[in-house]
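One chain, chain A, links the two complexes that follow: it is found with chain B in the first and with chain C in the second.
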Partner chain A sequence: MAAPVAASRGFGLGRPGWRAKRDVVRTVFLARIRIISRYKGAILMEALLPIVFAAMPVLLGITVAAQQGGGADPGQLFCDRTRVNGVCTTNFKLYMLIGAATFTVVSLMLWLIGYWVRREQETGTLESLYLAPVRRIWVLAGVTSYAFVRAMIAFVIAITLGSVLFQVNPFTGGVGIALVFLAIGFLPLWGLAFMFGAFIMKIKEADSVIQVLQWVLAFLMGVFYPITLLPGYMQTVAGAFPPTVMTDGVRASILDISYFYNSMYGSLAVLFAMALVVPLLGYQVFEITERRLRRKEGVGHY
Partner chain B sequence: MSKKKLLEFSRYPIAFVALFVQIFLIIAMFLYASLAFTPAGAPATAGQQIGANIVYGFVMGLFLSFTLWEIGFSIREEQTRGTLESLYLSPASKFASLLARVFAILIWVGALSVFAILVVGSVVGGLPVANAGLALVVLVFSISGFLGLAFIFAGVTIKLKETAQFLVSFLQFFFMIFSAQFFPFKALREASPLIVDGISRWLPVSYSVDTFRSLLIGQTPELGPSMEIEILIVILFGILSPIVGYWAYNRLEKGARMQGTLGEY
Partner chain C sequence: MDTIIRVQDLSKTFTTKERKKGQKKRKRVVEALKDVNLEVFAGENFGLLGPNGAGKTTLIKCLTTLLLPTTGTAWVNGYNIEKEEDKVRASLGCMLMGDRGLYWKLTGRENLDYFGALYHVPRDVRTKRIEYLIDLLKLEEFAHRTVETYSSGQKMLLAFAKALVNDAPILFFDEPTVTMDVPTARELRRIVRALNQEEGKTIVYTTHLMHEAEELCARVAIIDHGEIIALGSPNELKSSHVREDVVRMEGLLPPSVVERIRSIPGVRDVTVQAAPDGRASLAVMCSNSRHLLPRIIEAATGDGASIEYIKPQDVTLEDVFIAKTGRSLAVDTREIVKEVAGGGTGRG
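Here is the complex of A and B:
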């Protein structure tokens, strides 16, 4: 009985069940965590970086205000200049801190996935990974979970420490809504990270591309300013970019200012739609890219 | 070594273009950040003053961070590739080998700086350029001083290996804030006078930034009692720093050789 079945279907490769898949995610996740735990300085730097990033525009704002003379209040100037639909905030320090901390999360998610692909390519283990009897999605799930945890650690430390340093209170507005924006915003980020990984795999040049994209992100996300200050066409581009909607939502809910898509529901709906489409699209792009590469020079080529 | 570095750079045109784009974006971001505080209808001179403060400090910051990164990183690269030990067995001067690593990057940063100044100038409608000759002299001595810091960092890289990357990141941001690279020192003073008097005033890099910026803008310096004294501090920094830096590098490198960890990574 077994012989005809084997003859018709072949012995086949062992197909991993759910437990095995979960183990793959767990193993990849733990491996990455173990590696980074050896570099405590990196974790500390990631947490301090948003504070430094936020400090620069804060000090710049103080300078600009001082130049206006007459003891101009930077908070009031910021409020007047960034008022949308009659609403604005004078708490520019918290505005910058939230922007910088969210930017770190976005940047880390993309950076860690991109570098993971590149590192595996360079160390010659990417091809071996492709020969393992497991679908790439589970390996990627492990890496992205690790990136998520690392990014969240940096975010929480940055917001806590930054709030103490800048003497601002992040718990004044709708923190719950902000967390919802952050949680939903992570899904399209995963999709973007997959696309980014595919891009790195294709061009095989991580450093300069990651660095330049990081600043493109920061520019489009409006880390230091509301995107309403950008020219109209750029606002449209930035508004279609998931990290912009996420940052805008987190800020608007905490600082009680207007949302880019007019209301909390509007912004949440847009982000939710992005959360449905972008991860699927990202994984598709990743799969297509790797399929093409495997057909041509192979994924181990670097 | 310099030729090799230039050749290597020329092989990565994407990286070259990416760097220009990156500089443009960083500047654009800070200009927009300053715009968020500028009242509508503010006079153009206010924008020019802010633009000059940002870009002249940024130029100094570019030279500092590229010098620090380049020497440390190329040493680290030699370590990882396993060529550092062989290089030290060759009869070439180690000082020349260290120095040669930054020539290509200095040319590169020079081009980036000109680009940055032109971009900001075109956006804010011109920048003040007073005492350009003297500012150039200050820049040369400052770069020489940065080289000294980079030598120390190269030695630290041999000792700390991978962790040195975090150290240089930290230093980069430390100087960015405490040497007031994107804003005048009075902004730091307004945050807390202790920052300027307790930290900034004790950093030679702060004087490089302040002197260079004040000379080009044509204003009195913010840190030292007079421009002459600030220039003197920068000149002394430019002369002493490479000597002290190379001495420190030699000590760290000798220590690594004695322990047999030079090629270790």
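Here is the complex of A and C:
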């Protein structure tokens, strides 16, 4: 249907195109980095969290082993109880550290997006974003890139400091394969972050959701244990959750233990499929949610 | 004149749920806009006038694609608000939320750069545009500081600059002077006028301040309870408004003058207060002082009469609003017009 109004008078100084989209991703990314850099010490503090998080089960394991008497080795005890397909690791400290560090990555990716949506709603900047002609995918790409960098900084600091503190060597196994798992694992994580952001935008609450989700995540991901210890149906649920496959892959390749999907290729294939499907699904969910909100009270309603 | 914005039978309904003590949850339906039809011409400074809760902001939010209409539609700059959202957005510069919508941990300059990028303004063009706006709005003093350190007025100025960063052909300003001091608000109105008259921008300006609408807008739509109840130039609206006006006159006004004024069609009554020095003070009651003033002045000349003071009691847009609705513009009219699930219907 032809618009019953005069022809367009142009878009002012706006010049849409690929260069403009790239510029949006870059500008959003830099703005987020600038903002976090103005909260002194925030990045360092969150990098210490996984070390504290890993220290708890490590100390508990040492205590339990000491109570067994006879100079029981906590690593051997852990290995005996977590053996899968006849394979296990005695390096339980590194097992915990990797679990805690990847959990921090997942958790940061999700809650940085969740908090971002909520904060933008509260300050009115979400409405400002929706007034602009830029597609949400490019803004989200900027924000998730920032979340990725921040999560990676936390991961690297946590692994480095944790390795020194726990006296473990993270470069024992297939570090390259672990990085591949981490890299592919980020893609479905983005998709999950979009879904999570959409959920926060709809319910207009971030804190309590994040608090609950942290523990559900930790449970499903098997942060401190192999998910093969879970009952059968729960293993299926956990195995369909991309961060679980990512954590399992990183850990299995570094510690040379068995993969949840039997082989490295099996796990990589599953994670790759998730990397293809989940981001598209996540963005679709985000778009549907925002359209519904615009039908109702608007995205900026807080 | 080319129509640059056309609103066609646009309605917007909000549904909310509310629970009162001891009662079941009620679904409440608020009809924020009811079959609004409107045209804004290219290069026009168009005012939307109405009290809080009248539907001004909802209409603006629909036109700027922040809200989807329940029924009806609109075209902005030739693009449909539902089907060509990105093109509609690219055509607009908006200041809708006062000093909200800024990043407090970024500086003023960084905020402008950020939003310039979101409007796809190339980086080199953006840098020059930002410097131009900083100069135009006199932001130099604080543009390098983070927004959290700004006063309300400074935030409003930055939000105004943000609306201009993409140099769009259509500008939406929703009560832009609301927290500004008097000189800053005056300066901002001067800039708005210049944007319209010198740069040919189409401006949609919402306000509940009559003097702003009268000063800036070529045409005004008065909106109440989600409906356009009057539309026209401020003068048309005022002159179409029939009411009892008073014209006060002082001077040497002999009885023959009084009789001549009394005989003018439309003059209802003339009261005279005579002073001992021969001067008189008249109060001319008439149906439309603006319309009759030239004839009253004509009648008051001759026979040795001399007018020292004359003042028609002006009809204001607020008078028009009161005449149409029975309420003042200052009254908040947010209301529930329908209650579903056990609720009755009705206003108020």
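In this section, the second predicted complex is superposed on the first by the 286 of 302 C-alpha atoms of A that agree within 3 Å, B and C clash if a C-alpha of one lies under 4 Å from a C-alpha of the other, contacts with A are read in each partner's own complex, and residues count from 1 in each chain.
Going forward, a residue touches a chain if its C-beta (ideal position, glycine included) is under 8 Å from a C-beta of that chain, and two chains touch if they have at least 3 such contacts.
Note that this is a predicted model, so its numbers are computed, not measured.
In the superposition on chain A, contact is made by A:G41 with chain B only, not with chain C. Contact with chain B, but none with chain C, is seen for A:A55 once the two complexes are overlaid on the shared chain. By the touch criterion defined above, A:R291 reaches chain C but does not reach chain B.
Of the two partner chains placed by the overlay, neither chain B nor chain C lies in contact with A:M234. Of the two partner chains placed by the overlay, only chain B lies in contact with A:T82; chain C stays clear of it. In the superposed model, A:D23 lies in contact with chain C only, and not with chain B. In the superposition on chain A, contact of A:A218 is made with chain B only, not with chain C. 39 are the residues of chain A that lie in the contact sets of both chain B and chain C, per the superposition on chain A. On the chain C side of its complex with chain A, the touching residues are 2-6, 8, 14-15, 42, 61, 64-68, 70, 75-80, 86-87, 89-94, 96-97, 100-106, 110, 113-123, 125-126, 129, 146, 162, 165-170. Those residues of chain B that touch chain A in the shared complex are 12, 14-15, 18-19, 21-22, 25-26, 28-30, 32-40, 42, 46, 49-50, 53-54, 162-163, 166-167, 169-170, 173, 176-177, 180, 182-184, 186-188, 190-191. Chain A contributes residues 1, 3-17, 19-20, 23-24, 26-28, 31, 34-35, 38-39, 123-125, 127-135, 139, 291, 294-300 to its touches with chain C in the complex.
Note for the complex: chain A touches chain B at residues 39, 41-42, 44-45, 48-49, 52, 55-57, 59-68, 74, 77-78, 80-82, 92, 203, 205, 207-209, 211-212, 215-216, 218-219, 223-226, 229-230.
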